[in-house]
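Two complexes, one shared chain (chain A), two partners (chain B, chain C).
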Partner chain A sequence: MDFAFLYETFVTLVSAIPTTLQLAATSVALGTVLALGLALCRLSGIAPLDWFARAYIFIFRGTPLLVQIFLIYYGLSQFREVRRSMFWFILRDPYWCAVIALMLCTAAYSAEIIRGGLLSVPHGQVEAGRASGMSRFMVFRRIVMPLAIRQSLPAYSNEIISMVKATSLASIITIMEITGVAAKLISETYRAIEVFIVAGAIYLAINFLLIRIVALIEYRLSPHLRQAPVLPPVAAGETR
Partner chain B sequence: MTQPSLFDLLGSGPDGWGPALAAGALMTILIALAGYAIGMVFGALGAWAKIAGGPVARGVAGTYTTVLRGIPDLLVIYLFYFGGSTVISAIGHLFGASGFISFPGFLAGALAVGVTSGAQQTEVFRGAYKAVHSGELEAAIACGMSPFLRFRRIIAPLTLRHALPGMGNVWQVVLKESALVSITGVVELLRQSQIGAGSTGRPFDFYFIAAIIYLAISTLSGALLQFGEKRFTRGVRRG
Partner chain C sequence: MTFLKTLAAGTFAALTLATGALAQEKTEITIATEGAFPPYNLTKPDGTLDGYDVELAHDLCARMMLKCTIVAQAFDGMIPALNAGKFDAIMAGMSATDKRKEVIDFSISYGSTGQAFATLKDSDLSKMPLKDALFSLTTNEAGARKAVEELKPLLKGKVIGVQSASIGARFIDEYLSDTVEKREYKTTEQHDLDLLSGRVDVIMASMGYLIKAVEKPTNSEMEIVGPRFQGGFLGAGSSVGLRKSDTALKAKFDEALTAAIKDGTVKKLSEKWFGFDLTPQ
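Right, the complex of A and B next:
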């Protein structure tokens, strides 16, 4: 093992971590908003909205993410109207194209997770909220949403991990995030195995941290599932 | 200048890319099938190690699944494609060959897809084995079946039955992952669409067609899998 080379690779790759994290964070944040909209469409009971959301989820889960990225980055430039539109400065930029594609894709997956979470909220809780005189919106904000978030967190952490992994595809449209820099190093040095080990370790570390963070949030959100702390016995006559 | 329509692009005429795209789709299916088969082997070995292995085997299998599920598939493809070339060139030098020998893209792609899907398959098989009732295994032992007979008659069929839905999911993932193999230059569906997009200047049309073909393949194979699932769970009462 050539530790000097490994260290050098590590230093080079670390500088690409912010790009990866930024891509993942932006697309997950935007995707979650979109996913909530889609989940509500599916649960709205209004047929056109339901069918729109179903079709959207079917299409984005059934095609490879790379095809979606190519469609947005290379495909849209085929139309002169797009090139002349006010959005061209966004659609011309590989970074924003990657964010848009990742966001649209994660929204399709997260929508089903959120829908599952919303469906898992017991009717009794909603009815109790209504009986206390809360408006529908307030029931949603105070009762349904918090319970649904808690329920869907484990599945959601999987989705976040797969988004961090999916950001690697942005390297194919020239974005220098971790995989992009790693590919460049490999083609410069022909030392695929060493570069792979370092890049892989960085991804593993990021994902491990993310899993721990989500697990911590889950722990904080579910005090009712934990055993009550055992209080030390109080000696007779002592006041606490 | 008249532009060929979307249907001319799909046809087999002078402007037609139909046959080329069909060949690409076939290659995509081949890569996915090869990768899936390799993944099944890795999955079976991994599950076996996790269920029945000693501490060392369990540790190796645990590391395998954790690592492969935590790093991007693209990185694994790069490893096999470039790393494979490095190893083959080194072996070539031993036998007096000179220069750089490139690793076949198909093999690198299928191996990479196989190794990554194997990690998911491991968990699918392990979960399915756990769903087999211990009473059924005990009954087999009580009947005096040898371990091999027990595996063939009881464990394998029952595990497979429980594993089918998860295996279907892995297949869909593998199919979509096969698109990444296009970076190795294997002319599968996405690569063929890139070529078409480049030579006609109509990227949207080509990627759109590719997306529809991917959707069609995944929908058809999904229906097939569901049919298989129904057949293998005959006689199981659904709650």
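Right, the complex of A and C next:
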């Protein structure tokens, strides 16, 4: 093992971490908003909204992300109408094309996760809220949403991690994130194994941190699942 | 079908590698090409490979009396894959550069075209000076530098598209890195698409590639502009890439190529595919 080379590779790849994180964070944030909307459409009971969300999820979950990125980046730019439209200043930029593709894809998966979370909220809790005089919106905000978030967090952390890994696909539309820089290094040095090992280790470190952060949030959100702290016995007659 | 072929070829390559130690004289070899770099190599609508590289490869194999399987591979991973034994030779319009020579061996050259620029007809870059002038980095490095200086005011702040890991990318790094913003693409067809859509202002690629690219009906807006560069780190031209350990195979390729150049096969094939003679002088 050539440690000097590994170190050099590491330093070069570290400079690409912000691009990867930014790409993942932007698309997950925007995707979650979209996913919440889709999940609410699915549960709305209004047939057109339900079917729209079903179709959306069917398409974006059923086609490879790589194909979606290609279609959005190279496909849309084929049309003169798109190039002349007001959206071109966004679609012209490879970065935003990648964000849009990742966002649309993660929204389809997250919508199902959120829907599962919303459905898992016990009916009794909702009825209790309504019985206490809360409006439907207030019940949603105070009871359904927090419980649903807690319930869907483990599945959702999977989705975040797979999004971090999916950002590597953005390298095919000229974005120089970790994988893009790694591919460039390989074509300059022809040392595929070393470079990919370092790149893989960086993804592993990022995802390890993410897993720990989500685990911490999960811990904070579920005190009811922990054993109650054992209090020191109180001596007879002692007042507290 | 292509997948099955690749799989079969991969298995075959692995087997040849495993038995390679036993059989000194190979009777069958696998040659890798890209299949997306016309007119050097291309994939026809029916999925079969064709192009200058492919046709020449068949000719050379007949001369060497070897049975050849030609497989399509991504260009940017070809050299590591060659050294890993996935196939035995590369014929993909690959230039024999000094940097590549550090890791693999090359046969003698089978064609040299040089690097050129292309842009859209209505772009302000279409008036690029020094049209069709040819500068060699081997014999006239100072002239090439002067030519680049002349182009710089026009190229200032423009976005240039180039194939990743290509010699064009290195040219931009060495001569134009302070002037243009470089974007690297997996295939040349992708930077063509982005030139047409206006995401990049100009592209740099092999003249041999560009001359065919501008002829495509979809690329009617595209035109070749400015000077051409060759020699130096841009390489002597396209050569067959081979493992350093395969000296016997290299000798065979060199012999077959010398014969193909001598009897005019290289001239005939390059005129067929490029419209001009690429025979290395």
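Everything below uses one rule, namely that the second predicted complex is superposed on the first by the 232 of 240 C-alpha atoms of A that agree within 3 Å, B and C clash if a C-alpha of one lies under 4 Å from a C-alpha of the other, contacts with A are read in each partner's own complex, and residues count from 1 in each chain.
Rule of thumb we're sticking to: a contact is a pair of C-beta atoms (placed from the backbone, for glycine too) under 8 Å apart; a residue touches a chain by one contact, two chains touch by 3 or more.
Please read these numbers as outputs of a predicted model, since none were measured by experiment.
With chain A as the common reference, the superposed partners chain B and chain C clash.
Of the two partner chains, chain C is the only one that A:R92 touches; chain B does not reach it. Within the superposed three-chain model, A:G133 lies out of touch with both chain B and chain C [touch as defined at top]. Annotation for chain A, partner touching more residues between chain B and chain C: B. In the superposition on chain A, A:T174 makes contact with chain C only, while chain B stays out of contact range.
Contact with neither chain B nor chain C is seen for A:P48 once the two complexes are overlaid on the shared chain.
Applying the stated contact rule after C-alpha superposition, one finds that A:Y74 touches each of chain B and chain C. Of the two partner chains placed by the overlay, neither chain B nor chain C lies in contact with A:P233.
Using the contact criterion defined above for the overlaid structures, shared-chain residue A:I186 touches chain B and also reaches chain C. In the superposition on chain A, contact of A:I59 is made with chain B only, not with chain C. In the superposed model, A:I161 makes contact with chain B only, not with chain C. Once both structures are placed on chain A, chain A residues 74, 77-78, 172, 183, 186-187, 190-192 are touched by chain B and, in the other complex, by chain C. Residues 58-59, 62-68, 70-71, 74-79, 161, 165-169, 171-172, 179, 182-183, 186-187, 190-193, 196, 199-200, 203-204, 207-208 of chain A are the ones touching chain B in the complex.
The touching residues of chain C, when paired with chain A in their complex, are 76-77, 79-80, 83, 99-100, 103, 164-165, 183-186, 190, 193-194, 197-199.
Of all residues in chain A, only 74, 77-78, 83, 92, 94, 172, 174, 183-184, 186-188, 190-192 touch chain C in the complex they form. The touching residues of chain B, counted against chain A in their complex, run 66-67, 70-75, 78-79, 81-83, 85-86, 172, 176-180, 182-183, 190, 193-194, 197, 201-205, 207-208, 210-211, 214-215, 218-219.
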